[in-house]
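Pasting the structures here.
Two complexes follow with subunit A in common, the first pairing it with subunit B and the second with subunit C.
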Partner chain A sequence: MKKNNIKLMQGNEACVEGAIAAGMKFYAGYPITPSTEIAEVSAQKLPRVGGKFIQMEDEIAGMATAIGGSLAGLKSMTATSGPGFSLKQENIGYAALAEIPVVIVNVQRSGPSTGLPTAPSQGDMMQAKWGTHGDHPVIALCPSSVKETFDLTVRCFNLAEKYRMPVFLMLDEVVGHMREKIEIPDASEIEIYDRLKPTPGDENYLPYKVEEGQIVPAMAAYGDGYRFHVTGLIHDESGFPSNSTEVAQTLMTRIMKKVEDNINDIVTYEESNTDDAEIILLSYGGTARSAKSAMKKAREMGLKVGMFRPITVWPFPEERVKELAKQAKSIIVAEMNYGQMVLEVERIAKGTTDIYHVGKINGEVISPDEIFSKIKEVL
Partner chain B sequence: MANQIELRLTGSGGQGLILGGIILAEAALLDGKTAIQSQSYGPEARGGASKAEVIISETEIDYPKVDSADLLLALTQVACDKYADSVKEDGILLVDSTVVLPEGIKAGKIVSVPILHTASDVVGKTMVANIIAIGAIQQLLGSVTKESLESAVLSRVPKGTEDLNRKALAEGYKLVEKF
Partner chain C sequence: MSSQLVQQYYRADKLPHIWCPGCGHGILMRSVSQAIHNLGLDKDKVCIVSGIGCSSRAPGYMDFNTLHTTHGRALAFATGVKMARPELEVIVVTGDGDATAIGGNHLIHAARRNINITTIVFNNNVYGMTGGQYSPTTPTGDLGTTAPYGNIDKSFDIATLAEAAGATYTARGTAYHAQQLIKLVENAIKNKGFSLIDAISICPTYYGRKNKKGSVVDMMNWLKDHAVDAKVAQKLPPEKLEGKFLIGEFKNVTEPEYTEEYQKIIERFQKER
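Presenting the complex of A and B:
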C-alpha cells in the first residue's frame, strides 16, 4: 500500500471502478442487497466523470432505462440481485434481440423469492442462461476476487460493445461484500472496446445490416442524426418488423452465431495442477476460493487433485472441460446451489468420467473442509 | 496456515467493529501483507451481536471466512456468549471487563480489560472503544506494526479527531501490556 493505487476495496466497489474505467457513463437501477453498494458508488462517482445516475421506481424500469441510455450512445449498466434479476428478464430479452449493449450485474443471494437477502448463493447461474424466453445468445462472467471483479467488469463492457448484446457479471455476496487488496491498473493499461458506429453522413444507413468483415451492425445513437427503428419483434435490416420466416431465420441465426463463432474470443478459464490430476475440482466465483484451498491441502498430502475455474461461465468452456473429463477419473463440481453448472459438466462429459457435486443451499459459504471431505470420499 | 492470523471482532451494532476490521486490514496492506475483511449483515447488525472478520497473511488468502479465530474480541456479553467458543484452543479471547465469562471456555489465553470504560472515562469518548480495541489487538499479536496501524487509523477517522484517536491507540497498547 506504499503506492497509492493499492487499496483495500469491496468487490461491489471494484465493479464500479471497473465500469468507470471501461467508459460507463450511465447507470440506471433499483438498489437491492447485496448489490446496493454498486448503486451507491455509481451515484457518487458517475457525476464526477460526466456521467449520469438514476434510481428508477423498480428493477424493470432500471433495466429499461439502462437499455435506453445505451441506445442514446452511452455505455450503460445496471446491478441487482435475484429478485431484481427475475424482474429484468423480459427487458434482457429485448436487449438480446434488439442487439443493445448493456451490462447487468447480479450479486447473487439466496433465493428463491426474497429468500435470505444477506446470504450468498450461486443459484441464478441457469437463470442467466435461460431466464428470458426464446433462444438468445448469452455471455456471463464470474469473478472470484476483488481484483478480478474490476477486470471482468471492464471485460463485460468490452464484450457487450463488441457483440452488441446484454452481458452478465455474475457476482455472489461473498466476493461482492468482502474487502481485499486491489491494485488499480493505470488507464493506459486497460484495453477498451467501443461500439462500431456508422460512417457519418451515411444516407443508406441500415441499423441492422452487417457490413462486410464485421460481426455486428454499426450502431447509431439516438441523437446522432440517423432515423431508425428499434423493436423487440423480429426485424429486417431496416429495423422494422417482419413476419417473414426467411428474415426470422437469418436474424436468429446471426445473433446466435455471433457468440458461437467467436467462442475463443469470449471463453476464458483458469486451471491449476490439472496436468496429472486424477480428481479435478470445478468451481467458480466465491466458491472457487474454497476449492483452491481444498486443492492445496490435498496436494500437500500428495493427492493428485487439480482445479478448473470457468471465468466465462456462459458460454461454458465446453472444449476444455471435454478434454479434462477424458483425462480425469472424476470431476467434483462445487457451487452454492442445488446443482446447476454440474448439469452442464455432466452434459459435456457424456459419461466419460464420474461427476460429483458439492452444493449448499442454506445461505452459508461452502468451506474448504466440505470440499476436501468429498475428495476423500471420491478417492 | 501458520503464517495466517484470523481475527473475529464482536460486539453490538454501532461500536465501530467493521471500521476496526477495515483499519486492521489496511494496516496489514501498509505492512506489505495481504488481508481480507468481511462481516455478517442482516438482523444481527441492528443492536444484537455483530461481527467483523479479518484475515492477515504473508501470502495469498484463499478462503475468505474465519473459522476458528486466533483472536476473538468480545465487547458485549451477548457477543461473548455467542462467539466465545469460536476461538482456537491456543487462541486469545480479548473481552471487555464488564463481560462475565461463560463457563467452559477453551481459549488458551483470556485477556479481560476495561476497554469500554477506558473509552468513556480515560479518553473521554465512548466511540473510540473500537480504536482502543485494535490497539490492544496490535499489542497482543503484533500482526501489524504500530506505525502502519497509526497511519491506517488516521486515514480513516474524521479530521480534527487525530489526537483523540492517537490517545485511544496508546491506551489500547497500555491496557494489555502486562498480558
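Presenting the complex of A and C:
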C-alpha cells in the first residue's frame, strides 16, 4: 500500500475521485446542498485531466447537458439532491428510452419540497424507481462508506456504459458529508468498462440494433461519421420514430429485459450473521451503519440477529430476500423515510415472515439504540 | 437545384414531412440546408438538435448527426454536444414556444455564455403540434384555442431578447424572404459564438385560420408587405414603420467563445505537466 494513496475525505469527494478513475470526462450540473462538493471538486479536477465541467442554468439543463456530452462520446455525470432530482426526472426518462449512458448522483436530503436542506434522508428511494413517467429500467446503487462511494461510483459508470442507461448513485447526506480514511486504488487495479462501439466503417450500422451476442446496441458518438438520429419518441432499430405498436412492444420489452435478464451481474449485497439469524436487519446507505452497530450489540447479548444490506437497491436483491424471509422469524427494515424499501420487502416476502419498520422523517439519523429497541420489541 | 439539395442533405426515405400544406417550415428547413451547402460544411461534422413541436421534427429529415430532444431543452443538450466535441458545427432548430416559453431559461443562458451554437427559431406565433394555443410570440389581441377572447399577453421580440442576453449574432428573416434567409443562416453559422435567427414562418392551419388571415398566399403576402429591412428602416420616419417589423442582421460582433475559453483552462494544465 502506497502511503500517498491514503487520504481522509468526504463521501462527496470520493464520488468525484471514483468518477474520474472510471473515466468521467464531462460534468454538467447545478449547485444544491448537500451535493455541492461533487460539483466543486469536479470543476477543480476535470480540466486537469483534459475533461470539462459546466455549471448550467438549472437542474433540468444539468441533466440534458450531461446526456448531450455522452452522445458526443464522453463519460458524463451530474449530481443533485431532492428538489433537483425531481427536476431532472423528465430527461432521466429520455436517457432511459434513448439508451444514453449517464451517471446521476442524488445526495438525499430531507423533503418534500425544500424540506431540511442540510439534514439527511433516504426519502427518494421510490423516486429513483418511479420518478420519471412511463415504464423504464432502473439501476441504483447505495454506498454506506466513503470507500464504498468511490467503488460504487466506478461501478455506476461501468453499468451505465455496459447497459446504455442512466444509473443512480443514491447517497445520503450522512455518507456524502462523512469523512473517513480511504485508500485510493491504483488505476491498474480498477476495472473499467467502456461502451460498445460500432465497427469502424460499418456502413450498415443501425444505432438501435442489438447484434448477436450483445446486450445493447453499439453506440457511435456524434461526429464519428455515422450521422444517426436519436429521439425520445418510440423508435425502431434505425433510431427513427415509429407509431407501430409492434415496434413499441419490441423496444420497451428490450430495454426492460436488458436489466431483468442480467440481475446476477447487476445485483450486489452484503450480509452478516444471517446463517442462524431469527431476526434480520435490512438496511442500506448511512443507516446501515447504525443497523450494523445494533446487530453487534444484539450478538454480544447472545441474540440471533443478522443483517442484510442491499448495495444494489434497484433492481432489489429479490431472490436472496425471498430466501431470508422464509428462514427468519422477522425482518426489521431501517431507513430514513416513512416506509419505502420496506414496501419492496413486504412485496417479496409475501407474508412468509413478520416485517417491522424503523423509520425517521425529522432529519435525524436513526441511532443504533433505536434499532436495538425494535429488536427487543420484536423478540 | 432543390431536388439536388434533397438528394445531398436529406433522408429521402423519411419524406414527405409531417407539416401541413402551406406551412412555412419547409422553406426555413431548406434555407438551413442551402446555407450548409453554400458554406461547404462536412455533413459528418454538423449536428442538428431540436426540442419538441412542429419545428423540431426537421432534424429527422436532415442527413446529419441529429438529435430530437425533450420540450424546451434543445439548447441544453446541444451545449453538452458542443462542449464534448467543439469541432462539430452545432445547429439548433426550435420553435417559438420551445425556445422562449418552456426553454426560455436555456436560451438566455446559452446566449450569455456565447457558446458557438447557431439557433434558428421557426417562429409561427402559435403552438401548432398541440392544436393552436397562444405562444409567447402570438400578437396581443389575437386568438388561440387557449385565448378564445383574445390574447392579453405581450409578445416576445426573440432577436432583441437574445441580443440583450449576450448573443453575438442576431437576425430576423421570413419564409417569404427565402434568399435573404439563406445568407443570414450562413452568417450565423460563420459567427464563432452564439447566433440566433428569428425565422418567421406561417401557420395557415391554426394561427391563420383562427385569426382570419386568409389563404397561404395572403399570409405570405402579409410577410412581404410588413417586413422592412433593418438598414432601410434606419432612414425611415417612425410613422412609416408603424405596424411593420424589421428583418435582416441586427448584431454581428466577435467576443470570446465559451468552448475556446474552456480549452484555454485545459491547456494551462497541459503546459504545467
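Here is the rule we use: the second predicted complex is superposed on the first by the 377 of 379 C-alpha atoms of A that agree within 3 Å, B and C clash if a C-alpha of one lies under 4 Å from a C-alpha of the other, contacts with A are read in each partner's own complex, and residues count from 1 in each chain.
We adopt the following convention: a contact is a pair of C-beta atoms (placed from the backbone, for glycine too) under 8 Å apart; a residue touches a chain by one contact, two chains touch by 3 or more.
The shown structure was predicted, so the numbers you read here are calculated from the model rather than taken from an experiment.
Visitor: For A:P47 in the superposed arrangement: first (subunit B), second (subunit C), both or neither?
Guide: After superposing on A, A:P47 lies in contact with subunit C but is clear of subunit B.
Visitor: Considering only the touch criterion stated at the top, classify A:G232 as touching first (subunit B), second (subunit C), both, or neither.
Guide: The answer is second: A:G232 touches subunit C but not subunit B.
Visitor: Just checking: does A:E346 make contact with subunit B only, subunit C only, both, or neither of them? Give me first, second, both or neither.
Guide: neither
Visitor: Hey, is it subunit B or subunit C that touches more of subunit A?
Guide: Partner touching more subunit A residues in the overlay: C.
Visitor: Quick check for you: in the superposed arrangement, does A:K292 touch first (subunit B), second (subunit C), both or neither?
Guide: Once the two structures are laid over each other on A, A:K292 reaches subunit B alone.
Visitor: Have a look at where A:F240 lands relative to subunit B and subunit C in the superposition and call it first, second, both or neither.
Guide: second
Visitor: Taking the contacts subunit A makes with subunit B in one complex and with subunit C in the other, which residues are shared?
Guide: The overlap between the subunit B and subunit C interfaces on subunit A is empty, containing no residue.
Visitor: Quick one: in the complex, what on subunit A touches subunit C?
Guide: The contact residues of subunit A facing subunit C are 25-26, 28, 47-48, 50, 52, 54, 56-58, 60-61, 64-74, 76, 90-91, 94, 221-233, 240-241.
Visitor: For the complex, give me every residue of subunit B touching subunit A.
Guide: Its residues touching subunit A are 22, 25-26, 29-30, 32, 34-42, 61-65, 67.
Visitor: What part of subunit C is in contact with subunit A in the complex they form?
Guide: Where subunit C meets subunit A, its residues are 14, 43-45, 47, 49, 59-60, 63-70, 73, 76-85, 87-88, 105-106, 108-109, 262, 265-266, 268-270.
Visitor: What residues of subunit A sit close enough to touch subunit B in their complex?
Guide: The touching residues are 1-2, 6, 8, 33-34, 117-119, 174, 177-181, 286, 289-290, 292-293, 296, 365, 367-368.
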